[in-house]
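Take a look at these structures.
Each of the next two complexes has subunit A plus one more chain, namely subunit B in the first and subunit C in the second.
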Partner chain A sequence: MADSYRPALSRRGFLKLAGAAGAAAALGGGGLSASKPAQAAGGLRPGFESKFTVCDMCFNKCSAIARVQGGVVQKLDPNPKFLKSRGMLCARGNAGVEQVYSRDRLKYPLLRVGERGEGKFKRISWDEALDIAAEKMKSIGERYTRCGFMFMAGSDMQSSFVHRFAEAYGSYNTLSHESMCLIAGTRAFLDTFGEVPIPDMLYTKYVVMVGANRFESLVTPDSIDLMTAMNNGAKLVVLDPRYTKTAAKADEWFAIRPRTDMAFMLALAHVLIKEKLYDRKFVGEKTYGIEQLAKHVEPCTPQWASEQCDIPAEDIARIARELAKAAPAAMVYPGRRSSNYTDSTQIRRSYAIVNALLGNWDRPGGLTAARKVGLSGGVPFEPPFYENNPEDRIDAGRAKLMFPEEGSFKLARDAVIAGKPYPVKGWFTYHTNPMQTAANRQKTIKMINDMEFMISMDIQMSDTAWMADLVLPSQTYLERQDPCTAQQGSSACACVVMRDPVVAPLYESKPVFWVMQQIARRIGLGEHFDFTIEQFREKQLSGLQGAMDALKRDGVYYNPSKLYGVYEGKIYKTKSHKIELFNSRYAEMGLDPMPVYTPPKAGGYDRFRLVVGRNAVITQSSSQNNSLLVKFQPTNHLWIHPDPAKEMGIKDGDWVWVKGPHGKQRLQAKVTHQTRPDTVYMATGFGVLSTGLKNIYGEGACIAEVLNDDFDGISGNMAMHETWVSVGREAA
Partner chain B sequence: MLKRILMVLLVLSFIGVGLGVSLAADGKGNSRKGKYLYRKNCRTCHVENGKAKELSPVSKTQAQWKTTFADPKKLPCAGEWAKLSDKDLTDIYAYLWGHAKDSPSPAKCK
Partner chain C sequence: MAKQLGMVIDANACIDCKGCMVACKVANQVPGDNWRNWIKDGAMDRSAKSKKRMVFQPGNCMQCDKPTCVTACPTGATYKSKADGVVMINRDLCIGCGQCIKACPYGARYRNEKLKVADKCDFCSNRREVGLEPACVSTCPTKARAFGDLNDPSSPAGKLYAAQKEEAVQVVNAQSDTDPNIYYLGAPGDKHWPVKAQMPSAFTFWKNVADPGVKVLMGLMGVGVLAMLGKQLVMKNDAPEEHHGEDGHE
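Right, the complex of A and B next:
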């Protein structure tokens, strides 16, 4: 039966069904007994159950407690024993209940029957779906080699099983969301310190935050700890072209000109070195290249940077001096998302270098190394080797220092479209939505249309699932049993969490582990998935005595491992075995060994730079359709400064068009001083194609359609802020 | 005489450089094949609670892997090494050296 995708039941019907399904399930006991916070919360009748879970509303994965009554999740509360979130569950975390009971849940496997993107699917059985998936993987693998099938999984506690499957199947082409998020920052800090630091926000005295929005785009424990640190007297300086909530809470906000962060950092380094304010003992003992750096930043005066950044020279010099005074409990916050510019790795290297001059590494209030958690790798396996495979990933060699296991979505997409160096004709996606998160949506559509077969697994009909040939319904996090996962929280903790189902799964939804296991068995790879989640966890926890008891009792296991001074007596994991102000590997590879600033191009005809950013109620593109969160943000607007708006006759609420190099969208304007006159902004995740997202279909504009898809030449990170757009008022 | 000694030293230094490069084969082997071969041939013993010390690419620096591969005869498992072809060893080296502790892409898991 061919039919357009539509729900079979009303929202009320879904909720009734949800209740019935939950009530009918014979769930094992365990979990917590009713506790006072839940009773005080109101709305719950006596006799509810309390069960630990791990939030999945963003990547932070906070431990939480589900209050369950009649087999239905009534409420989610924070786990007061979970130190990484400081016992907090945010607005998105609270809205997690809606993930289960949404009217837009995918309920059963769907096979496309219309054109790609037309939204016509038919319901099929799981057996049929798995047979089709297995047959396509086998057939594409035989005709194009195993690397002809690509796999992509988002941040999820079962994503490692997708990667495990890909390895057993024989494809090197695995992707995650990271190359659209933070990979340049990872590259930069790894290439400076030898590892990616965790900021010790709680004990810091001074934070310069550039290109990060920690009071809206929450990171635990950083967001909470920064607020506590500020209550204890720490100073926060924010540089952002937008007046974010973080800027609003900061001691000082500078509306920095986009793409000039590096100039600011080089000027900080200039002042620290010229005025001998840097930690000379630390730098002398633990770093490599101070002489070269001193020479390199000699011309980078505050006056020079001021002209680039639109920040007064005296403020730049003062901030450098204040940082030095507070050091080592002071930092340039490393940040997360670095999908900004074509030299994002070098920009983040400039952050790392200032931190090194402050001598804050491995010290209280500075940047800390990863603590020992002790979680093992789970059930080991020996995947086969496929002799006829090409030698490397499809995107190999397209960026100078790409991580071979992460790759680059942008560069892989280009390679798939080009069909070079070899064809990739199949794609499996899980819990990720590049149709909305990757710049240049038309190119993503082009890549999909060049594929022979695409499988997408999710809880709702995301735009990515909308484009797939086979759509598989995933269980939500509250219905699932997942492996353990390790977490790093600086002074808060090094810990392990795990997830068990708090209610029975609705409809025909399944976990991706089961799907991978079933397909593996069908194509002769079953031995690599011949275990249960319980057995996998046992292996993971084999070196941690008492961990399972702690997880059952408290919802979290803590390893009381060393926090500061971890590197005493050890080498830094860089080429010189020191913190590299001057990167010797870059020098050998013909890359700039120290960050070289190039001024941004002027806007010209396309006069505005379009920037990406988050707020506290949306996670990338995965939470916009949530019925609770949509009340806070039902659509998106184009933020535009009053000066250009006036010049163009645009008033607040007017419909405008915004045109990038590859696409055009229309949405309403928000005329506001909260952005620079040369910078416009809109939230991600709207302007969806999928009619299966009923709360937001027809709302707002898709930023991915407008963003330019440039890339950072070192890491392959997508460079989304290299987008100049024109804006105009729609004709009445 | 001095000239002759200098010439010999110069020649030796060239040989030394040549050996270093071929030994390093830095990135010349097939790292992905090497991972498979390492798992098949080495991890059988070099695992947690195994017959030999647990090892992964990040157990050593690139220089330490280079030293290990320069003279495997000293190792207790030299007999096992002898069973592997030069090509296999080059691939295993490419994997271990390429994902060493101080490499640009240290191995994430063991």
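Right, the complex of A and C next:
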């Protein structure tokens, strides 16, 4: 085809020509339709209302503007005043309208009448549902102690009310999604810098991104700021076994061998120290353990790392030098999801240590400290004391440094199944879907089957709700009044957002706050929920003058504070009061005080490593069934490299089986160079059990069924990439 | 100079997040598998180690200066607006014949599954009427799309166009150069996708007739009468359109 680019310069000549033709056409066409606005059927008409909301399509919670006409949300637009999102709304944010108007909404409370997981429910009234919930909580609490009922809430602006209820009820056993996501990384940076940094992406000059996919798995403002920084000349180096869209946009991509990130980082440290490229003033003044580290990384040469990582030694050395040259406006991106390996905390510690050597802490283009916006805690309460309760959480003591407020889903599930140290027989889940997001689905089913009663609240029949005994219909974020929530965002400032309903709630849907309040009243705990959301927000904002006005006017409240140099003259919240290259607390606990690399085992018959990853239209497992988003990803495929595919006679589109240590699934292959020959990938959230997810039921395969449920020994984070699978072509 | 709304797109800033596509679909109530805009997938270039490898190229109706769709339309339903240079469709006049769809080198037009008429991007005329930017422009995370009057250097698109004239290019099929009003900065990625416009043979004689009055006469004289009466009943749903829904977004 004779297609080409034509330089814009030639436009001038064309303008004349086009002017004549265009004008003639316009004249006639316009004349014929003079009284009619052409093409303007549908969409917004004058007289619509604009109302602020906060997106709930992922954890980012971007402020947005709902365009409402006739009581219907017609469109969601970004809020240009919301700096954290840089005034954008992604595909999922735009698809938020479908949350409200989906045919798959849960409409009224449902009680299970068939076997668990059989999907047979009957409609009951809210009064019945709440009475049943209260009775079960009471009875299980009496028979197994209050810790015998477990609570789990996802990332939501009302999740704190679930945790508040659990506290008032007397259960320590609260879980979140975080132990299937980011807690290893959180642990690592906390144990190095004393807090979890916010990367100053906008002003950085050099980013090494490992184990993160910022152009698909969007994080605000990092994803947007990264593009801006690159447009301003910043360099992006991506290490990923998959050719992600982040890799596609990077200056350099290395298909690193999985589980060898630490070797790469130790080699960077080696070069930085050996060639004296690290920030010696910063390291001398603010860090602890440079001598020990120097000795520790002495053998970790680029040549050594090269053999581990499949990255040329000269590139490793060059990247170290380039980082040092760009420092302190340079970083190893801390990343977010770190539910990868059994030593993920130590792997992320190695990221943190390289950052410390670059001296980028608290400086422009580096890692910045979190800043408090000044939100207060809301309505205070005194949870009662329950004498017969056990001493600790059910998952306590199984990981060395687990966050007690997050727990470990993996370890809690093991403990519930074992019935040790004590029985847990009830479960309440809200806005979370571990049936799809937790590795080893069969184990999750086993845990649920070991329970006496399970309650699940959601907007649609997720696989987790599908397994429950009582299913409660939640309001969507566009129908709800929510408390305020504080957000952090590097140069985008710390801020506060809140939600008011933009349309009236549909069906019999209710907010979880109301549900918790109603159950609490039924079991004598009403005093802990004796307030309205307005009163709660008033307390939250009590220290922030003018905040409510700003929220109503702009949809967001900022409390700008110093961004850089906030640690000047301050101590670090670590044992040594310095940034810990060498962690003395770890040493005392018998943990490696500095990250020690262990090479990955070679795959045998199960020769592929299965990895987890996101793209910009899927959020964990909650968005796959959205009628707008499903068009981009109607199913999932197994990504497999052409070399092994050829060897096994697998062609693009062929049906294959993939077998992990606990389960086997069937799906179609995508034969592609976009993954290493030893690594396979599939998207999360398919192969669902629930027929209530009509857009995706019967589509694709469930990764949770195949993933091995190992865990990080320090944080208790699930370790999903420790999964070796075998793959084969399905018989025709 | 006359107002000409257009876009200057930095394809290198596009991360293929599909934000523009969903925003457009919702804003314009584009049904089912119809799309008014797209993002073209780049090919993976495995040979190059140290450069930006893959370009995602966002696009939509190019609001051409020499619109083949306008020429192909037998009823005058499609016209180029004098006010702002946007190619518009008068749905009341459209008979759903599909000629304009075949005549577009960019596959920018589709037969609206619900309305049974030709449809395409009009830079969100409904939103512009109420003072909002086109949905794809305002929602774009990396602000890859700049929109405005190309002839007004104070508009976002005009400013970029004026500043980057040396760099900006159009994507055209040399056999059907319609002089589009979407410009791309730098290397916009795949350039081999526009096709040769298929002009309706029955109207070849009239193809240079720009007067829609004559066209309406033509339409009324021929199959037009029947088609206009029964346009929503007789037409099948398999209008010849470009398939924009790319797969493999895992």
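In this section, the second predicted complex is superposed on the first by the 690 of 732 C-alpha atoms of A that agree within 3 Å, B and C clash if a C-alpha of one lies under 4 Å from a C-alpha of the other, contacts with A are read in each partner's own complex, and residues count from 1 in each chain.
By definition in this document, contacts are C-beta pairs under 8 Å (C-beta built on N, C-alpha and C of every residue); 3 or more make two chains touch, one makes a residue touch a chain.
Not measured: the values here are computed from a predicted model.
In the superposition on chain A, A:K573 makes contact with subunit B only, not with subunit C. Residue contacts after overlaying the shared chain place A:R585 against subunit B, while subunit C stays out of touching range. Residue contacts after overlaying the shared chain place A:K631 against subunit C, while subunit B stays out of touching range.
Judged by the touch definition given at the top, the superposed model places A:P404 against subunit B, while subunit C stays out of reach. Once the two complexes are laid over each other on the shared chain, residue contacts for A:E382 go to subunit B alone; subunit C is not touched. If you count the residues of subunit A touched by subunit B and by subunit C, you find the higher number for C.
In the superposition on chain A, no contact is made by A:A602 with either subunit B or subunit C.
In the overlay built on the shared chain, the residue A:C90 is in contact with subunit C alone; subunit B does not reach it.
In the superposition on chain A, A:E391 contacts subunit B only, with no contact to subunit C.
For subunit B in complex with subunit A, the touching residues are 30-33, 36-37, 39-40, 43, 47-48, 61, 101-102, 104-106, 108-110.
Subunit A contributes residues 1-9, 11, 14-15, 17-19, 21-33, 36-46, 48, 74-78, 80, 85-95, 97, 215-216, 218, 223-224, 227-228, 231, 243, 245, 247-253, 615-617, 628-629, 631-633, 636-637, 639, 670, 672-674, 681-683 to its touches with subunit C in the complex.
By the touch criterion given at the top, residues 172, 190-191, 194, 376-377, 380, 382-385, 389, 391-392, 401, 403-405, 542-543, 571, 573-575, 577, 585 of subunit A touch subunit B in their complex.
Looking at the complex, you find that subunit C touches subunit A at residues 1-2, 12-13, 15-19, 21-23, 25-29, 33, 42, 44, 46, 49-54, 56, 64-67, 70, 76-83, 85, 88-93, 115, 119, 122, 124-127, 129-130, 132, 135, 138-143, 161, 164-175, 177, 179, 183-184, 188, 191-196, 210-213, 216, 245, 248-250.
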